[in-house]
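Both complexes shown next keep subunit A, but they swap its partner, so subunit B is in the first and subunit C is in the second.
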Partner chain A sequence: MYPLRYILLVNRRISYVNKNLFHTSSVLHTFWERDDKGGYNTKTSVPIKERMRLGLQELKKEIELWKKEIKEDFESDPVLAFRPGETDIMWKFGTEESLQQWVVTSDSDHNEGYSKGSLTLTNTGKGLFSGELSTKVPKDGRTKRAGYCNIKTLRARKSFKRETYLDWNNYNMLVLKVRGDGRSYMVNIATRGYYDVLWNDIYHFVLWTRGGPYWQITKIPFSKFFLSSKGRIQDKQYPIPLNKITSFGISAGDKVNGPFSLEIDYVGLEFDPNHTEEFAYEMYKAPKYIVAV
Partner chain B sequence: MKLYKIMFFNMMVMGTIIATSSYSWFSMWMGLEINLLSIIPLMSTQKNSLSSESAIKYFVTQALASLILLMAAIMMMLINEFITPLVNYHFLMIMNSALLTKLGAAPFHFWFPEVMEGLTWLNCMIMLTWQKIAPMTLIMNNSMNPTFSTLIIISCLLTSAMMVFNQISLRKILTFSSINHIAWMISTTMMSSSSWLIYFAVYCLINMNIIMIFKMTNTFYLKQINNIINTNKTIKFSYMMNFLSLGGLPPFIGFLPKWIVINWLVNNNMYTIATTMIILTLIMLYVYMRITFSSMLLNHNEPKIIKLKINKMAINTINFMTLFSLITCTLIFNLL
Partner chain C sequence: MLPSKIIRMVVASRSITECLKVMPLTNRNLSVSTVKLCDTSEESKQVTLYRSFEDIKDKNKDTYLDMIRIFLNRDYVYRRGHVEFIYAALKNMESFGVHKDLEVYKSLIDVLPKGKFIPTNMFQVEFMHYPKQQQCIIDLLEQMEDNGVMPDYEMEDLLRNIFGNKGFPLRKYWRMMYWMPKFKNASPWLLPNPLPSDVLELAKLAIHQICSVDVQTQITVYQSRDIEDSIDDTWIVSAQSPIQRSLLRDHDVKQPVYVEGAFRVWLKSNQVNYFVLRADPKPLKTVQEDSDDVSNIKVPFMFNIKPPIKKHLQLSTSVHTQEDGVILALCATGTSSKDSLLSWIRHLEMDGNPTLADVPIVFTLKSGVKEVATVIDNEQNKEVETSK
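Moving on, here comes the complex of A and B:
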């Protein structure tokens, strides 16, 4: 009954309720999300003339992209046969352009920690996600935990900056060729929904690395990914909606201070007909309004 | 079958019957709203997080369309002092646009594929068949401007032909096929309500056949068809015949309604629209043939190990109707 009471309270009673609690930060009473960035706003104001100039430059590129899309729609047939052992590579590191598709973030970006991370190319043309994790918490009274670095791909886009989804329905395995340092990383597949309650839906699985000089090819079935929202694992688990993928990411945050490095060759997809598991998790039937409310 | 599902299903049926059998626009609107509100709990299941997203999107678009319908009906009554002659073109166009949004006709179709993608096969069948009855009946109750209806027909055909090309999801393919058939159904509304009834009945029959096969084999994507089609000869042939019937090829039943429409259009000297409709529907037929032929020709191995539990009696009976109904219908028309 504890969470249900908060959902039913009106806004003007929030301050009254907060006085009776031990929380040191404000308590969420609704599922409504004000901002799709979660309050971390990194927009910079650009003058209108500059925006118009940049927009015109983008226009040519977008028209070319649009022409390519139409041509592909008419010329290409959908692929129907997916054979075992064939890996379709989605992101491969090799050129500077390949790094443009990724965004690196860490807790020090918004002064919430002291970790640092970067994504660079090695001498052999592979991607290197490296940096230093620090679990030291900054003394600002708000932050309770720190120590993460993250790389994430940009959202899939069509021409004219239209956001779209990646469709991975034809595959059932995620394939990563990596060479780690023995630390564990978290593989994140974001399936950002249309409505605000679904904005922070991310599916996770742990990537254990060997640490040796040899490359490892890790195949993670999509049935093993578990759902979480804003870092909280959800009670009601669903299989990953493979037609609504928005981005892919890898996080380093295993609560151990020190340097980390993960060399990545490619991230790909595969269809394995021998893997018939639909979903690995289930929930027991609990009495109503106790869990998964 | 859960009790609430039976209740909401009955209410959904009741809503459509209220809408189709009412004498005033208000009671028609009421029937549409009852239908909408009772289908929403049927759509949002517990097994999939996307189904509730689909249900909300469906609710918002349909509620907006009902709102516009009610506004148009009230404005027509206010302007004409409670007597509604069927000459008020502007508000009739607004009302028809609202009804076309409810159907999912182009250019008001953008909600349709996204909503269908999150539904189970049973809900897809309800969306493609039952949910069309009330709006189409209301469209037949008012007169549609011939230019407007021609524009809608051409945009439906063009949209479905262009958007279906690179689809891999079977639900989306059936959605665009539905938009294509809506164009033909709108042309039947220009003829008579009985010709619309024939078209709709045949379309429902073929759709139910196809969806029954997909539901039995649990297929949602083109890639899965390759694996399942060769396990059972009955499924293979029924799947092929039903898709070709959906495309309007003789000797299947799907040819009959198209034949009726083309016959009427040519008799009324509407050659341009008839030619346009035939050519644009051929593109859809090309897509159906690409689906069925590639899955039949790519893989010939018949695995003996995989055994699917299928209701042979149902498939055989319904496919018999698909094969021989055209000859039966033409004989009946000749006798009458």
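Moving on, here comes the complex of A and C:
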């Protein structure tokens, strides 16, 4: 029973109530995780009539998508040839629709900080991820550190909102054409698993930017990406499962207060036959009961 | 009741109240702690001086280390309140300017007793023997991580002597020593650590970093006072490569060039403003050929004796020909003022760019990052200045 309800129902003075019923910090009673948002309420309630109307609108698009899938199935003409040195573009900026695939988040969304970020189009038709970072911690007694902005693509899906994975097995490099401001950013590749412990599996690598008026094309081999969950690097590392990609993101949060801006032209993939490294981090067996505890 | 008896009772009760008043003091004086025995001032009653870090006027590394020494010397045998002291010390590191100092972190860990917290059986290990103390040192290590301070092997010995071979802080240390060196020097644009505090040196570093696209770039530091009629007296870090010089030489004098800025570049936590001299973009003319179209195949050998058609040949573009503008030069000035930029243009003109004397130069100094290299039609923002 919740403490306040307990007081109201039993109608006792607060001083008599067991002090242990009041928690000053969030309590995790079980290992099981209830929802994949980690307790952040992002749902908006839409009335049922409105929902039906929206659903019918969606239906049209979904059927269109489904038709395309069926057609592709029949054609069965997948890309088979590895074309070294050629970049396949996954996400390109330039139109308003291209921005629809991205979600922008920052710590101020849930009153956990004061950073603000946005993803817009520049005058030259590129994506501009910009905003203001602030490491100021709100005085709520819970938040320890703050200061991040993040962009993330929507989860890969098939028609009728069926979730699926991106398959990048044919590639071994991530190619980004960006123009930064000298800050370093984090490239995140989410590989969400089925069980709750795997929900927050994200592979990271740093994107260093040069700054200045010149565009840079950065190629990051997938072997360099390291595994972390909920922002903590994991002791047991595994190479990234390239057939289980759920989303891609870039985050800014280098603990430097001030404005940031990262112009993005495209995010692409490449196969480089000269890169043979499978995983950049040591895979030796660590002593028992020391790691991953 | 006899009056004398009543009087006696009153006296007795008074003496009791007097006693009660005195009691707390005597109680204090009977305390076991040696510290509390010797002085009775308000501060000494606390186990730890919580606000003592804030009270110090002269905040530097020496006074910070002095605070640790004071804590250590207060009680040598029955020292208490390590955790509270370390947390209070961690909170005040930045104001003392020691948050990036490994030595200070080590001396903070050294506050803890050696041997006392070492678990003696596996259950103690598993259930985090002395959890407050272990968590405190984990938090300290995390603060080090946040501030980019890499531990050394001496710290490993310290942690081993305090928490034993299986302590959680030691595990955290090992993780740090695995991951931090991997990324310490991984940046393709490495900067000196610590960064110089001089603004000129920072500007040089920033311009050098930006111009790493063209290794031939020459970075020159001009003085604005060398130009006649200049108001400002400041330095100008200018960068131009031979390719950019030739691009400017071949520039059509009827077309304007733009001085744009200030744009921001970050060097760790420092920002440097820079300005760009650029010309309008020159889009590359690409001839799209439909390879499936077989109606008109060109056969190069059979009936064609003439040399290849010249219009198909193009000059290859350099890195300076960006799709939103041709970058002709870069600079950062001490004042970032319009006058200093005028001096920069004059310096460039004397330094091998005579074209700048004839080319109209547009100063668009208010544009933000969103307008990095777009021609702004707004007349209010630009001010056409033809040289001479």
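The definition used in the following text is that the second predicted complex is superposed on the first by the 258 of 293 C-alpha atoms of A that agree within 3 Å, B and C clash if a C-alpha of one lies under 4 Å from a C-alpha of the other, contacts with A are read in each partner's own complex, and residues count from 1 in each chain.
By our rule, contacts are C-beta pairs under 8 Å (C-beta built on N, C-alpha and C of every residue); 3 or more make two chains touch, one makes a residue touch a chain.
As the structure is a computational prediction, the values presented were derived from the model and not from experiment.
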item	value
Partner chain(s) touched by A:Ser159 [first = subunit B, second = subunit C, both, neither]	neither
Partner chain in contact with A:Ser223 - subunit B first, subunit C second, else both or neither	neither
Partner chain(s) touched by A:Trp208 [first = subunit B, second = subunit C, both, neither]	second
Which of subunit B and subunit C A:Tyr195 touches, first, second, both or neither	first
Larger contact residue set on subunit A - subunit B or subunit C	C
First (subunit B), second (subunit C), both or neither touched by A:Thr87	neither
Subunit B versus subunit C as contact partner of A:Ser184, first or second or both or neither	second
Residues of subunit A that lie at the interface with subunit B and also at the interface with subunit C	none
Subunit C - residues contacting subunit A, complex	146, 166, 171, 175, 179, 182-183, 186-189, 206, 209-213, 263-269, 271, 274, 276, 278, 319-320, 322-325, 327, 330, 369-374
Subunit A-touching residues of subunit B, taken from the complex the two chains share	46-50, 53, 56-57, 117, 162, 165-169, 220-223, 226-227, 290, 294-295, 298
Footprint of subunit B on subunit A - complex, ascending	72-74, 76-78, 80-82, 167, 169-170, 193-195, 198, 201, 227, 236, 238, 241, 243-244, 271, 273
Residues on subunit A engaged by subunit C in the complex (per definition of touch)	120, 122-124, 128, 130, 145, 179, 181-184, 206, 208, 210-215, 233, 235, 255-261, 263, 281, 289-291, 293
